[in-house]
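The same chain A turns up in both complexes below, where it pairs with chain B and then with chain C.
Now for the complex of A and B:
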């Protein structure tokens, strides 16, 4: 028993040290100028592609952490959070491109709009439970994307239509660096918000709803208000990521502002890391996004998949991703933070126990 | 008036496909409590089997439907027995993600085998139809509706008149009690999913006759199946039949809205679904449980 505890502590320490070094490197390396890094042959963060990937990872940290508030802490399996990402992106996009507002003035309106929309649809939707809520929210996600692309006003597409929306390029030195830090700041905000939620009366109410909604109501938790607030909070953070994305990417359309696969990716990330925890979704987001980029061949460190031609590679990468999804769901239902965080040890018996718990 | 009649007929005929797409999905959901996100991918597998048999061996597409059903039943049985049974006691999020993973694997394997080209099945009689004045009834759509209703009837027969069907009903009513009276849950679950997949396969065969398919074309059918089952109400085949026909009608009228009605097909479908969910959660035909 004591030996187990010691080894758990050791794992936890290793995880914290390695995680800390990686995080510090990822945050500080870009500060040295890109050209200097390139000439010194510093790996990873030296080239612009990797820079882009790092920003995308931070974006998914925001989305997975935000999803965790409604999906992990409150226990409502939202499958349409990408709608809030898109609404945030289009809010900032419209204000910057059409109304000619400065970016930093229009950015705060992205989370505001997303939260308002979430509160509006949340009132009827959050009356539904289980599968019904999951697919109704998925429906909202699909429908919003379709409406944004197709709504006409006076014969003109209101939001840029199928050809999308172009934003003027934000003129600032080191633009890539700027948006990377902006996205990292958003990630830090969402993690801090989660930390606060889990320690507040509000958070205890949400956990009570997840464990037993009727009992929570009997104990005096205003379940409707709590659920809607959690949904809106989740939407606000997701919308913030969308707002930053639109100015960073300069071009938004239905495909990149409302990608349905993001819905599943953010949930998988939260699940992989550990739902209901502060750092779990962020950990899962980094791991899974790195893996996706790695399989897709975008990382500087790359590899050849045996027997697979370059053309078939992205498809095979998707197959591997799907198999991984199946494996994670079956074998690590409590997320990797369970053993990285020192609560359990990763072993064969752990996997076998996970399997037995849910198997028929 | 003729226009209205035409719309009603086209809506009901299109509803036939939705019935076929919906019954298997509703069965899996009602009995196994799984929202099967791989349903659309299974539909497309059926479509490709029909296309392959038609293109390579020139078999009439309607005669390929039994092949679709048998092949997909085997596939579904294996998937449920080998994979989904392992997490059947986990929270719903896990079954969601698991079936999405299966969906991803199936779609991309299809992409590896068939590529991303559009494939369509065009027997000699496609494009022809019965004409009554200005009202046209296409042969393919009419036969599809018949096949879909036959499929629903066959499923209802299996569920209500056979030994395994009664076992499935018993599981849907109370899983633990069913196990106590000696029903082999693993087998019965696998058969249930297999039946659901078989229905999806037949639906895919029908769909391949009216529109071109690609490996990635399945996702809308998962969503439509969901809407159809919600509309009709969970738990009975007949309710899904009503839901499918109603959905076909709604879609036909939605698309006829002047302007850009057709591009809002998903928005209309989901708006309708959310409306039904919020106002009448048991569906049009459902009973309160």
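Now for the complex of A and C:
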């Protein structure tokens, strides 16, 4: 027993050290692209490609962490969270492109709109449980994307229609650096919010709802209000990521603001890392997004997958992601954070026990 | 939903503190059921049930399986919506209120089939009750855990406070169910067969637990199949059959009622009782 505890503590320390080094590198490397650093002959550790991938990773950290609030902590498997990403993107996009608002003024409205929409659809939707809720939320996710593309006003597409919405380029020095840090800040906010939730009365209420909703209700938890609040909070953070994305990417349309595959990816990230935890979804987002980028061939380190042509790579990547989802759900139901956090050790007996727990 | 005046308005505790100790029947009812009805399809599971519970009482609800006992508790705690009648709490109607609002008024309950929060420890389970529950004496997270510890002490689960729920035995899970409800600081506690499935020693311990909770000033309305429990701690018992009140009164008296014996206790017990009555020649039927 003591030996296990000691080795757990060691794993925990290794996790913290490795995680700290990776985070420090990721946060400091971009600074080498500053003019001051370049004129002082500091080696360039972060080029344009680096910024693109790192910002996308941070964006998924926000989305997976936000999904965790409704899906992991409250236990309502929302399959349509991409709707909030898109609403956030289009809120900021419309305000910047059409109303000519400054970006930083219109950005706070993205989480606000997304949360308001979530509260509105959440009231009827969150009465459903289990797969009924999952399917209904997926429907909302698809419907919002279609609506945004197809709503006309006075014969003109209101939100840019099928040709999308172009935003004026945000003029600032070191744009890549700026948006990377902005997205990282959003990720930090979502992780901090999760940390607070899990320690608050609100969070205990949400976990009680997840574990047994009827028991939570008779103990005095206002289940409807709590579920809607959790959904809106999740939507707000997702919408924030969308708002930053729209100005960063300068162009948004149905395909990049409402990609259906994000729904699955953010859930898979949260599952891979560990649902219901503070750092699990973020860990999963980093690991999985690196894998996605690697399989897609956009990482600097890459190699040919045997028997697979370059054209078929994206398809193979999808297959591998699917297999990973199945494997994670069956063998690592509590996520990889379980190994790092000092609770369990990765071993054959762990996998066997998980298999027993997850199979009928 | 308005607080219509009750025929016997309860004495305001603020104006007459001296009249605190009122004897049984004289006190205004804390809980009053008036023709409570609940139908599932064509079946009336609870059919026009009326009775009162005074502050500080321990009242037992008995009746054969399917008599509507749990449904009645669900009607009081807001889990079911009434199809007819009224539930009045301290003079005001609470019919149609959501369960969490009824809990905030100070009515706590347990479930017959225990419903622990599986991922939490014993202590965290009790703390959920303390964090939410009655609107009076609400406290923050730290205070809630302190109250949870007190309640676990009261029900005898202190030693297992840090255990995961999955490590608990059935009697301990029943204790936890009670602990969680007590932690909501209720004025009235509804217990749904907390002694079912326990052996004799465990029943004695559970009886002690209920007495201890009652001693803190909580009114108790409990469903029980174990007659020893009903006779042991209840001053009054209400017998349900086919969703209706068959009889009510002192447990010993009620249990001698011919109809109750027929409906509930079965032919063998009925014969034995008849034989006993034949010997001492008394019939205390009220």
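Rule of thumb we're sticking to: the second predicted complex is superposed on the first by the 348 of 360 C-alpha atoms of A that agree within 3 Å, B and C clash if a C-alpha of one lies under 4 Å from a C-alpha of the other, contacts with A are read in each partner's own complex, and residues count from 1 in each chain.
By our rule, a contact is a pair of C-beta atoms (placed from the backbone, for glycine too) under 8 Å apart; a residue touches a chain by one contact, two chains touch by 3 or more.
Because the structure is predicted, anything quoted here is derived from the model rather than measured.
Once both complexes are superposed on chain A, the partners chain B and chain C fit side by side without clashing.
Between chain B and chain C, an angle of 80 degrees opens at the CA centre of chain A in the superposed model, to the nearest 10. In the superposed model, A:214 lies in contact with chain C only, and not with chain B. For chain A, the partner with contacts to more residues, out of chain B and chain C, is B. In the superposition on chain A, A:325 makes contact with chain B only, while chain C stays out of contact range. Using the contact criterion defined above for the overlaid structures, shared-chain residue A:155 touches neither chain B nor chain C, since it reaches no partner. In the superposed model, A:222 makes contact with chain C only, not with chain B.
Shared-chain residue A:199: touches chain C; no touch with chain B. Between chain B and chain C in the chain A overlay, the least Cα distance found is 9 Å. No residue of chain A contacts both chain B in one complex and chain C in the other.
Against chain A, in their complex, chain B makes its touches with residues 29, 33, 35, 83, 85-90, 92-94, 96-98, 100-105, 107-109, 111-112, 185-186, 189, 219, 223, 226-227, 230, 259-260, 263-264, 266-267, 269-271, 273-274, 277-278, 281. By the touch criterion given at the top, residues 71, 77, 79, 124-125, 127-128, 130-132, 134-136, 138-140, 142-143, 146-147, 149-150, 152, 260, 264, 267-268, 271, 312, 315-316, 318-319, 321-326, 328-330, 333, 355, 357-360 of chain A touch chain B in their complex. Interface residues of chain A facing chain C in the complex, by the touch rule stated above, are 199-201, 204-205, 207-208, 210-212, 214-224, 276. Here chain C touches chain A in the complex through residues 77-79, 98-104, 108-109, 111, 115-120, 124, 127-129, 131-134, 140-141, 144, 180-181, 184, going by the rule given at the top.
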